[in-house]
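See the structures that follow.
Below are two complexes that have chain A in common, paired first with chain B and then with chain C.
And now, the complex of A and B:
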């Protein structure tokens, strides 16, 4: 846990010097304006919670994916990967801690979006079910960290996967129902959507922002946590494979 | 400098652009990676029409976002212009007798054919799913307008690129913020009249507004003469941006020669 906390803090310090890492937080207000412009133009004020929530999920996914793609490679290029692996600390904890820091920061996008809705369109989006919303947000951050840890290992193991890194945004925004609920997608896409944790998160968060009951909240929360855990475990296993491979091939570091 | 020499410089620069593109993408990664991503982007926004339970909104969003893809790729000129500085070749370009603007006009042309191709595939491929269809003659005209959109947005992007050469770390942020702003105000998501007057006025200074209006006109009225006027307006606005970009690049070179800032800035 101490390793995790140290990695978390290290990532925060590193990001203070890199404005590019905050790009999804910079673009989130623009997405909010775009989504709200569409719903307001259509006279659908009832969809404002959808428009405020979607930029949060987009920022969360974008920031985590970005750091997942760079993390191990940047350690390699700077020649610090050897030292990191030589220490007795768990390498997976370091990776997860750093990604967790990024996902935590990305949650600020919700505050940004909420404020933009209020400042630009005069819309206030009440959080009707704060407990459900808060726990879903936390579970989503956890699931994102797990998924991103898995991806960071995949990007190293399969170099060709890295080429597709930039392509992993909008297909997942559609499948994850970040703005348009999965129920409105063609039926054949639904099974695929349900293995993307975002689809559970988006549905549950939308429900917790709107009036009315939140059906089966605990079960849906478990689905998010389960998918996050699955990602995390896969990530740990793949990271082990990465380490065995780079040690065997002698490609631990480029520097 | 005569036109032939200028053309030669741009041709060599464009060859550099093409080499960059080939190094970046294979047919497989372009088709399954980039094309898949942008078509998903268009579908993502068009699906909002389903959320609104409005086929008209879905068609409006599909057309706007498909055309936007050509502009989006053209805006990559902002990032790729800075590659020269990152590679350390900018001081050499400044020292060379050729005007910097001519080099940079050709330097990122690779994005234009790619942007036009992806936009048209999204428009003609995903369009029918959302009720957007064209006659062969209309499709041909729309293809021409999308080329105008790509070219004219490239001129605007070149101006931003000239600014970003002084602040390299902002390259991705500037291009993303610029394209999201265009998405918001140029009539991609909602009609430009939705916005307050001053936002509408800003949108008129962006070539995409006029090009996209031309595409929407073909969709609504068929091939009418005002489509050509919209395109001419887009080209006129773009010419102004190109002029400002050339002056900005010239000033960057002159200042760099005077104070040596080109080598040391990053």
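And now, the complex of A and C:
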């Protein structure tokens, strides 16, 4: 736990000196303006929660992909990976702690989007079901961290990590139902969407922002946590295998 | 220097690398370590001397658990570096040379605080240990500055501090003085002396013969992945006394020809103003040459033992910058 906490704090300190890491948080307000401008122009004020939520999920995914996903690879390029691995601390704990910090920070995007909606469009998006919303947000951050650790391990093996990163952004925004609910996508996409935790998160968060009951909230929350746990486990296992592989091949210091 | 269990023990260690792209790397294999045997008792400062590509860094990486050997065994304080990494890692500190290996946007203190946490130190102890080491490596005035503004030598000092942060029993220093100015390098030697007096074991790889002679209890010569010799620096010079040389002046040509033909004489190199250096390759040859020169009427004559650098060149071969693979 000490390693996790130290890694969490270290990541916050590192990011304070690296403004580029906040790019998804910088673009989130712009996305909010664009989405809200569209819904307002169409006279669909009922879709305001969708427009506020989408930039949050984009920022969450974007930071996980670009910052958390690159963690191991950037350690490798900066020449610190060997020394990290040679410490008595669990490497998985170090990476998980740092990814958790990135994911936590990315949740600020919701605050940004909410404030932009209020300040620019005079729209106040009420959180109708705060308990459901809060727990879904936390579960989503957990699941995102699991996915990020998985990506982080995969990127170690890939010489062209950025090619993977680019292909993992917009297709997942669609599959995750980030702006357009999965139910409105072609039917054949739904099974695929349902293995992406983001689709459960997006639907549940939208429901918890709107009036009316939130059907099967616990079950849907479990789906997010289950997929998140699967991601975490896969990430840890993958990380272990990757470390054995790079120690065997002698490729810890370059991609 | 006396311990039942060697601090570092390496037996028949092999490491090969496959060249090529992709995950499987199925290209031709390159041998980095070829049956290395080495035992370093606790408390010894051991030098590993060899040219580029000799296998020094590979050996350090295997010992520091970040690289798996192809075959053979390596142990730190009796713990196998492949199977008992959890036991090995708290015992070792590593310093890999070069500018990389630090978090450049963070200060020296922040860097050390993080590494301290990874060695299990709580915040208070991490802070105290970091400050102590920063002071020890002479970076107190720069402790709060981002590392990206550090000179190469300053980074190297910080590397050293990082290597010591976990209070290691065995310190692996891979070319630690690279980029240091002479004053810093002298301070480093003093520091190594202190580490020895604290009972730590140090394995130091270097190109610098003077450094090896100055700080090491024993030195191993390594080339092409094989250990060629392990001796005390002074003994190494004596051990190779067959390479003793004789400097003389005004040696008649006939006598020089006679000496050149003597058993154990490798070369007679005529220099400026009648000087000549006679290189020998056999133990005792120098004495015979000396005797012959004196009996031949040569009065300006002197013998000298080779420096470690000359030993190094004799054993490894004078191949300049060529990296053998």
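Everything that follows uses one rule, which is that the second predicted complex is superposed on the first by the 246 of 255 C-alpha atoms of A that agree within 3 Å, B and C clash if a C-alpha of one lies under 4 Å from a C-alpha of the other, contacts with A are read in each partner's own complex, and residues count from 1 in each chain.
The working rule: a residue touches a chain if its C-beta (ideal position, glycine included) is under 8 Å from a C-beta of that chain, and two chains touch if they have at least 3 such contacts.
Everything quoted here is computed from the prediction, not taken from an experiment.
Once the shared chain is lined up, is A:247 touching chain B (first), chain C (second), both, or neither of them?
So A:247 only meets chain C here.
Looking at the overlay, does A:133 come into contact with chain B only (first), chain C only (second), both, or neither?
neither
Regarding the shared-chain residue A:87, is it in contact with chain B (first), chain C (second), both, or neither?
second
For A:34, decide between first (touching chain B), second (touching chain C), both and neither.
First partner only.
A:6 contacts which: chain B (first), chain C (second), both, neither?
A:6 sits against chain C, while chain B stays out of touch.
Using the touch rule from the top, collect the residues of chain A that touch chain B in their complex.
It comes out as residues 19-20, 23, 26-27, 30-31, 33-35, 37-39, 41-42, 44, 47, 50, 163-164, 166-167, 169-171, 173-174, 179-181, 184-185.
So in the complex, which bits of chain A are touching chain C?
Its residues touching chain C are 2-3, 6, 10, 13-14, 17-18, 78-80, 82-89, 94, 157, 244-245, 247-250, 252.
Please output the residues of chain C touching chain A within their complex, sorted ascending.
15, 17-18, 23, 25, 58, 61, 64-68, 86, 89-90, 92, 94, 96, 98, 100-106, 110, 114-115, 117-120, 122, 146, 162, 166
Enumerate the contact residues on chain B facing chain A in the complex.
Interface residues on the chain B side: 29, 32-34, 36-38, 40-41, 43-44, 47-48, 50-52, 54, 57, 61, 169-170, 172-173, 176-177, 180-181, 183-184, 189-191, 194.
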